[in-house]
Amino acid sequence: MNVMNNDVMIHPKALVETDDIGEGTRVWAFAHVMAGAKIGKHCNIGDHSFVETGAVIGDQCTIKNGTMIWEGVTLGEGVFVGPNVLFTNDLIPRSPRLPDARTRYAEKKNWLVPTKIERGVAIGAGAVILAGITIGEYAMVAAGAVVTKSVPPHRLVIGFGARVSGFVCRCGHSLQFHAKSAICKKCKTRYSSTKEGIRASVSRKS
Amino acid sequence: MNVMNNDVMIHPKALVETDDIGEGTRVWAFAHVMAGAKIGKHCNIGDHSFVETGAVIGDQCTIKNGTMIWEGVTLGEGVFVGPNVLFTNDLIPRSPRLPDARTRYAEKKNWLVPTKIERGVAIGAGAVILAGITIGEYAMVAAGAVVTKSVPPHRLVIGFGARVSGFVCRCGHSLQFHAKSAICKKCKTRYSSTKEGIRASVSRKS
Amino acid sequence: MNVMNNDVMIHPKALVETDDIGEGTRVWAFAHVMAGAKIGKHCNIGDHSFVETGAVIGDQCTIKNGTMIWEGVTLGEGVFVGPNVLFTNDLIPRSPRLPDARTRYAEKKNWLVPTKIERGVAIGAGAVILAGITIGEYAMVAAGAVVTKSVPPHRLVIGFGARVSGFVCRCGHSLQFHAKSAICKKCKTRYSSTKEGIRASVSRKS
């Protein structure tokens, strides 16, 4: 049923124009990946999603349906992007076709504001990520959140403005810190909280 | 212009892989219904929508454009799902391709959390419905709401966290209760409020 | 790669059924424009977008991916509609296929509530616009906002309920008023604030 090229699965109703796509990656129906987009290995790109020229997606990412990964957005390894998550790359949008906006769009790409999503982050359904933000390793963004500032690693953020409401493990489960250390009840990874941030203090056994 | 099979209308640019779809149902352009999805009679499945294997849609439902009905989501009869409404089925998402998430996704479908939407419910544009919730008969969810807990029948809920802001009739119009009874000004249905909940006390005349 | 008819560019994977589309307009992959929709000149209609019969889009508009422009929605010239922006046209939705909703949908289009977006407005990613609203010239709606009431010209609105948080120039940059006048630091347009509203008091030099 699906077209296989170089160990990439492209659904016959998808449109893939890039050559820079890693082995084991699958692209589903009605998805559109533009020329010049870069996608890693073993990713899953859901139905009706869109990956723009200049976007970068790391290995092992899961891109759910209906998402758009614009130029200026970089996803690290193993990022989960929920359905209809919205990235942005222009903080002061106007129609570039409108004469009044001529000064803004006259210089090439001076409006482009990059966004960086680090390894293992998960972004819940329908969250909106303002341009210019970094979301740190293994952070989790709740469904429907509007993220207006950067998020440090391993935080859970919720709501409009996306305030921090807790900590999460690499595996996703919540973490409770006592005396600057925590152990995940699910996967047993140990963490310590230092000036430098939250670190897994014992290597995982998986 | 459209393909008719067994009284089901499938737009030539739709992709329908299930056989379990009721008569009189219409599926529009760029929609994708997977094998193993179950859709009732006389439904309307809008453009760019997605119905996953294992999803269940009752008779007479209206599924507006861009929605995704995942495995684990069950819609009763006559449900209205507005454009880009987002269901979810995993409360602690991680990319299953990420080695750190191996413990979470090792056991088959232990992450799957079901959602139930009862008869006659209407969900406004862009609302996000957290997994594990039941929305009771004829409730209405305002556009843009993020629903984080179950909603009893005939309630109108709005905003982030979706607080109850009123009552609605089967026909959709607001209800004002006086001394535990109400009558809809639009369709004249009568209701009583008892310990068991809100009930239509006189059968409708339609 | 793309089909050109009468100076309109239609991507081979788009579906355009209207004849009323202006020169220089481009329609991208998996977009669907229905018969009877009206689209002006030099517009850009993004991937996976949907323009319904009866919708009206002015010249020079930028419609980003995944948006739906319904019957009842009118966009002026040079409007920017961000990705997955949600318009609505029914304030009390029910599935019209549900017998309980018969009274509501019995009369033709009595449920239809129009929305008007004026010249130069920009609507950020994922914003929800309630039916019945007018958004005034050059106003800006922040990403993720839920707009529940009309917005005067040149305002910036943010959040749920979309409160006014500032003023914006035609070109998009913020404006600071002093003694009822302001000058844009970016494009040098001058404004005065009078009883009639905010006016550009000196014609722009662009």
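Which chain is which? They are A, B and C, in the order written, and residues in each are numbered from 1.
Please note the rule applied: a residue touches a chain if its C-beta (ideal position, glycine included) is under 8 Å from a C-beta of that chain, and two chains touch if they have at least 3 such contacts.
Just so you know, these numbers come straight off a predicted model, no measurement behind them.
Taken over every residue number at the interface, the positions common to chain A and chain C amount to under half, indicating a different-residue contact. One rotation lays the C-alpha atoms of chain A on chain B, and its angle is 120 degrees to the nearest 5. Work out the mean CA point of chain A and of chain C, and you get 27 Å between them. Within chain B, the positions touching two or more other chains are listed as 30, 48, 66, 84, 126, 160. Only residues 15, 30, 32, 48, 50, 66, 68, 84, 86-88, 92-104, 126, 128, 130, 146, 160 of chain A touch chain C when the two sit together in their complex.
Residues of chain A touching chain B in their complex: 13, 29-30, 42-44, 47-48, 59-62, 65-66, 77-80, 82-84, 120, 122, 124-126, 138, 140, 143-144, 159-160, 170-173, 186-187, 204, 206.
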